[in-house]
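Before anything else, here is the set of structures, which you'll find just below.
Next come two complexes built around chain A: one with chain B, the other with chain C.
Now for the complex of A and B:
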């Protein structure tokens, strides 16, 4: 049975921790989370029971019936074969139009939100124009698209035309080999085509696509008139040719999307009139038909319209025009006008708050069925989830007022009720945020969802202002617009709105693996434990690093090499995305692209560049341990360390214990924290800021891990922090390494706060909190005090696991009984039983933070 | 004749449809698996043929 937290003596009193809900004492501790889901209606309960998850584990789909579809790649390829010789942007638009005209559209039982990305509900779409090798990977396994001979022909076609084909010649074979190891650096983005973006949903909802077509037609007419008018001026007018093509492509794309939505409308009407016998469902199907006939062609009127229009736009932007991971939006701001119209004013599509909650539950289940035809590496990188889907709520409005509203609450209530891993939620924390909404944030976290993750509102807004100064066209975020941001993917903020949003991962993204870089720094740039090749510059053998500063500077050079390489790979990808992977639909819904006649890949108004350092804390702790035991105390020599590492510590157990017990980050230890602070600021940030990206801005580090702490750790040899080769690394940008934070939750906060958050784009902090305290009657009060302290310490981010080891162990034994057990991995949450055993163990090994009297005193809690 | 226009699954496009063309229709089929019922709609031409043909009643 669930047990209460032990009583604690605090400020002269004995504090008891009874459950907030006394009935919980009757629930078994080993299956608590199986009792927390409360779908708000019978419909959402049924939808969840039959949800077609596309979760992956160790690179494989958990559901055996998942297959790769052929329709998307068939129709884009068919169109490309027919459009040779046309301008590339027009070819992209025609490709999209061909897909949308000919693909299969789907309606499922009980659905209210229409639209899917493949020809059957258990299929995922393929993107041969991004990466034909990903299609080849699928073809070799049980997910193979059929017919296989057609898939083979498609791969052959794109092997001459893909992003990889265009970009690879600009790198030497040696450079390609080094990147493709994915040991110190991520593979080049032009090999995978991985992307993320923030669609400007606002224009779709506010204007409708007919209005966007009208705007493009007006620009087109003006441009053609200008071309024809006397007197010809080449300098002014030749540039109009490309713009004319872009506006024409926008019109083709938008007309195709309207027509596609109306195919869904026809399907609903046909099913209502020919297949469905339940009068209530018939009526609903006709309502859905009416909405999809009108939306997204016209402006939205109520919440049902807005939800449907947003979903159609999401599908095109993220899954059909090209693949982009994510579900980036500031959802409560985006939908607030429609929530207000439907729930409060009842002027359009009237409904209750409860109805709105049901709609958000339906949305969560819709996202839960959305899969992506990603390559194996990216299927391994997000274990236990379909893909990355992260939306944002909370924060402040443009005028500095509280951004929380009743729509925020409906979104959070839906997440708490339905218990799905996706989409994850980011809550932008501001002291002005209303308590009622913060209580709902707490309830989601307390119930073990692992989200909302919390971002510091003011830090994110200040970052938008910082980057706006580098805007190439002088049109970056205004002070007001800087308040309108969400996370682009897991961690990094980016603007939302009608223009200036991030459209491609080649703006921000790509990773370097800090622990591996540390390993090769000790070996003259040679990777002895994994790839057996020279992976970086020659910076000297370990015995050459006579002083700590020698080590520091050698690491700096290895890091410089890696960030320079991945930055150039990113921008070269961008160069070819602009020329061959235009996004006419995305461009059509961006006010900037519409005004300027530019493709969304090309137009950059608000820079947002970053690189992801992953496994940083293992590297930082290794730096600390070497300084302490070799350079300061001189207890061991560099040769002894070299021998110990080459033997994976075997035969050096006492020495390993010394290195393991050396000061570690996350314990409010001045010695460790000052080195780690310098590491983050002097090397990670300062070196990266010397690199300017396509958008003309210096890059910042965005520390996060996705599932790569688990997966990348397997490629990292033994490290001087006492870690064995192959073991998992730290699980976030600035999270203390597994089990090494032993001084309680406030010591972690004090350590993390040492690093100046303004020098980083983002930094992920995972914490695992005591479940009995969080579920006690004091849980909210203690957590709120923790959050206020976190905010005052100016920390960028924090997220929580609240799940007992007992329940995770029980789930390992009987996974079929623990389908609702969710854990936070990194910037996303995963179903625990869908993780590999190795991945599960990394969650269990995280320190479960209890609160001592000293912690409570530091937080200023009155109990 | 085994052509789409004589099939139960064929629904001719209304003349005001954006994608209207002479003889074009939607092929709508109901399917069911362990997760429930769903309906698939695909564009077709009235004189096309396919192996899933089911004569109209």
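Now for the complex of A and C:
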């Protein structure tokens, strides 16, 4: 049975921690989470029960029945074969139109939001135009698209035309091998095909696509008149040719999307009139038909319209025009006018708050069924989830008022009720945020969803202002617009709105692996433990690193090499995305692209560049241990360390204990924290800021691990922090390494706060909190005090696991009984039973933070 | 080098009938499917120390065992 937290003596009193809900003392501790899901209606309960999740783990789909579809790649290839000689942007639009005209449209039992990205609900689409590697990987395995011979022909076609084909020749084979092996650096976007973006949903909902077509037609007419008018001026008129093509492509794309939505409308009508016998469902199908006939062509009137229009736009932007991970939006702000019209004013599509909650539950289940035809690397990177889907709520409005509203609450209630791993939610924390909404945030976290993760509102807004100064066209975020941001993917803020949003991951993204860089720093740039090849510059053998500063500067050079390489790979990707991977639909819904006649890949109004350093704390702790035991105390020599590492510490057990027990980050230890602070600021941030990206801005580090703490760890040999070869690395961007934070939750906060948040784009902090305290009657009060302290310490981010070890152990034994057990990995949540056994162990081994009287005192809690 | 490490020493054998791609300890490379990784080296706590296989179709070793490892036993 569930057990209460032990009583604690605090300020002269003995504090007891009874459950907030006394009935919980009768629930078995091992299956608490199976009792927490409460879908708000029978419909959402049924939808969840039959949801076809596309979770991946260790590069495989957990559900064996998932397959790669052929329709998307068939129809884009068919169109490309027919459109040779046409302008590339037009070919992209025709490709999209061909897919939308011919793909299978799907209507499932109980659905209210229509639209899917492949021909069957258990299929994922393929993108051979990005990287044929990805399709080849599927073809090599059990998910192969069928017929295989057709897939083979398609891959052959794109082997001459893909993004990879265009970009790879600008790198040597050695460079490609170093990046593709994903040990010190992530694979280039042109090889992995990975991307992320923030669609400007606002224009779809507010204007409708007919209005966007009208705008493009007006620009087209004006441009053609200008071309024809006397007197010809080549300087200003030749540039109109490219713009004319872009506007034409926008019109083709938008008309195709309207027709596609109307195909869904017709399907609903046919089913309602010919097949459905339930009068209530018949009526609903006719309503769905009416909505999909009207939107996204016309502006949305109520919440049902807005949810459907947003979903269609999501599918095109993230899954059909090209693949892009994410579910980036400031959802409560985006939907507030429609929520207000339907729920509060009841002027259009009237409904109750409860009806709105059901709609958000339905939306969550649509996302849960949405799979991505992504490459193996990104099937390894987010274990236990379909892909990364993260939406933002909360924060402040443009005028500085509280951004929380009743729509925020409906989104959070739906998440708490339905219990799905995706989409994850980011809550922008501001002291102005209303308590009622913060209580809902707490309930989601307390119930073990692992989200919302929390971002510091003011830090994110200041960052938008910082980047706006580098805008290439002088049209970056205004002070008011800087408040309108969400997370692009897990961690990094980016603007939302009608323009200036990030459209491709070649703007921000791509990773370097700090622990591996540390390992090769000790070996003259050679990787002995994974690839057996030179993967970095020659900076000297371990015995050459006579002083700590020698080690520091050698690391700096290795890091410089890696960040320079991955940055150039991103920008080379961008160069070719602009020329061969245009996005006419995305461009059509961006006010900037529409006004300027530019493709969304090309137009950059608000820079948003970053690189993700991953496994930083293992590298930093290794620095600390070497400084202490070799350079300061001189207890060991560099040669002894070299031998110990080459032997994976075998025969050096006592020495390993010393390195393991050396000061570690996350314990409010000044010796460790000052070195780690310098590492984050002097090397990670300062070196990265010397690199300017396509958008003309210096890059910032965005520390986050996703599931790569495990995958990257498997490619890293033993490290001087006492870690064995292959073991998992740190699971965040600035999270203490597994089990090394031993001084309680406030010591972690004090350590993390040493690093100046303004020098980083983001830094992920993972914490595992005591479940009995969180579920006690004092849980909310203590957590709120923790959050206020976190905010006052100016820390960028925090996210929580609130799950008992007992329940995780029970789930390992009987996975089928624990389908609702969710855990936070890093930046996203995963279904626990869909992780690898080792992945599960890394969650269990995280330090479970309990509160001592000193912690409570530091937080200023009155109990 | 331990006995286990010796048995896992990769050797290139063009056209081998025991290539890593058919081995239960072979997994596809994250990016380029012509390459792979060996997952046979496991530590006491279940961590897997991977080794890159540069030619997935034409490399083998003494530990070859035809089959596939379930995702749950990988990392």
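In this text, the second predicted complex is superposed on the first by the 863 of 863 C-alpha atoms of A that agree within 3 Å, B and C clash if a C-alpha of one lies under 4 Å from a C-alpha of the other, contacts with A are read in each partner's own complex, and residues count from 1 in each chain.
The rule we apply is simple: a residue touches a chain if its C-beta (ideal position, glycine included) is under 8 Å from a C-beta of that chain, and two chains touch if they have at least 3 such contacts.
Note that the coordinates shown come from a computational prediction; the quantities given were computed from them, not determined experimentally.
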Inset, instruction - Once the structures are superposed on A, label A:786 by its partner contacts, choosing first (chain B), second (chain C), both or neither. - result: neither
Inset, instruction - Figure out whether A:680 sits in contact with chain B (first) or chain C (second), or with both, or with neither. - result: neither
Inset, instruction - For A:60, decide between first (touching chain B), second (touching chain C), both and neither. - result: second
Inset, instruction - Return first, second, both or neither, reflecting whether A:561 touches chain B, chain C, both chains, or no partner chain. - result: neither
Inset, instruction - Go through the superposed model and pick first if A:50 touches only chain B, second if only chain C, both, or neither. - result: first
Legend entry - Contact breadth on chain A, by residue count: chain C or chain B: C
Inset, instruction - For A:715, select first, second, both or neither according to whether it touches chain B, chain C, the two together, or no partner. - result: second
Inset, instruction - Kindly classify A:10 by the partners it touches after superposition: chain B alone (first), chain C alone (second), both, or neither? - result: neither
Legend entry - Set of chain A residues, in rising order, touched by both chain B and chain C: none
Inset, instruction - Over in the complex, which chain A residues touch chain C? Could you list them? - result: 57-60, 62, 133, 136-137, 140-141, 179-183, 187, 191-192, 375-377, 380, 529-532, 650, 710-711, 713-715, 717, 724-728, 836-839, 841
Inset, instruction - Give every residue of chain C touching chain A within the complex, in rising order. - result: 2, 21, 27-33, 35, 39, 41-43, 45-52, 54, 71-75
Legend entry - Residues of chain B touching chain A in the complex: 11, 13-14, 17-19, 26, 28, 30, 33, 35-43
Inset, instruction - Spell out the residues on chain A that touch chain B in their complex, using ranges where they run on. - result: 50, 52, 65, 101-110, 119-122, 255, 258-259, 262-263, 266-267, 270-271, 274-275
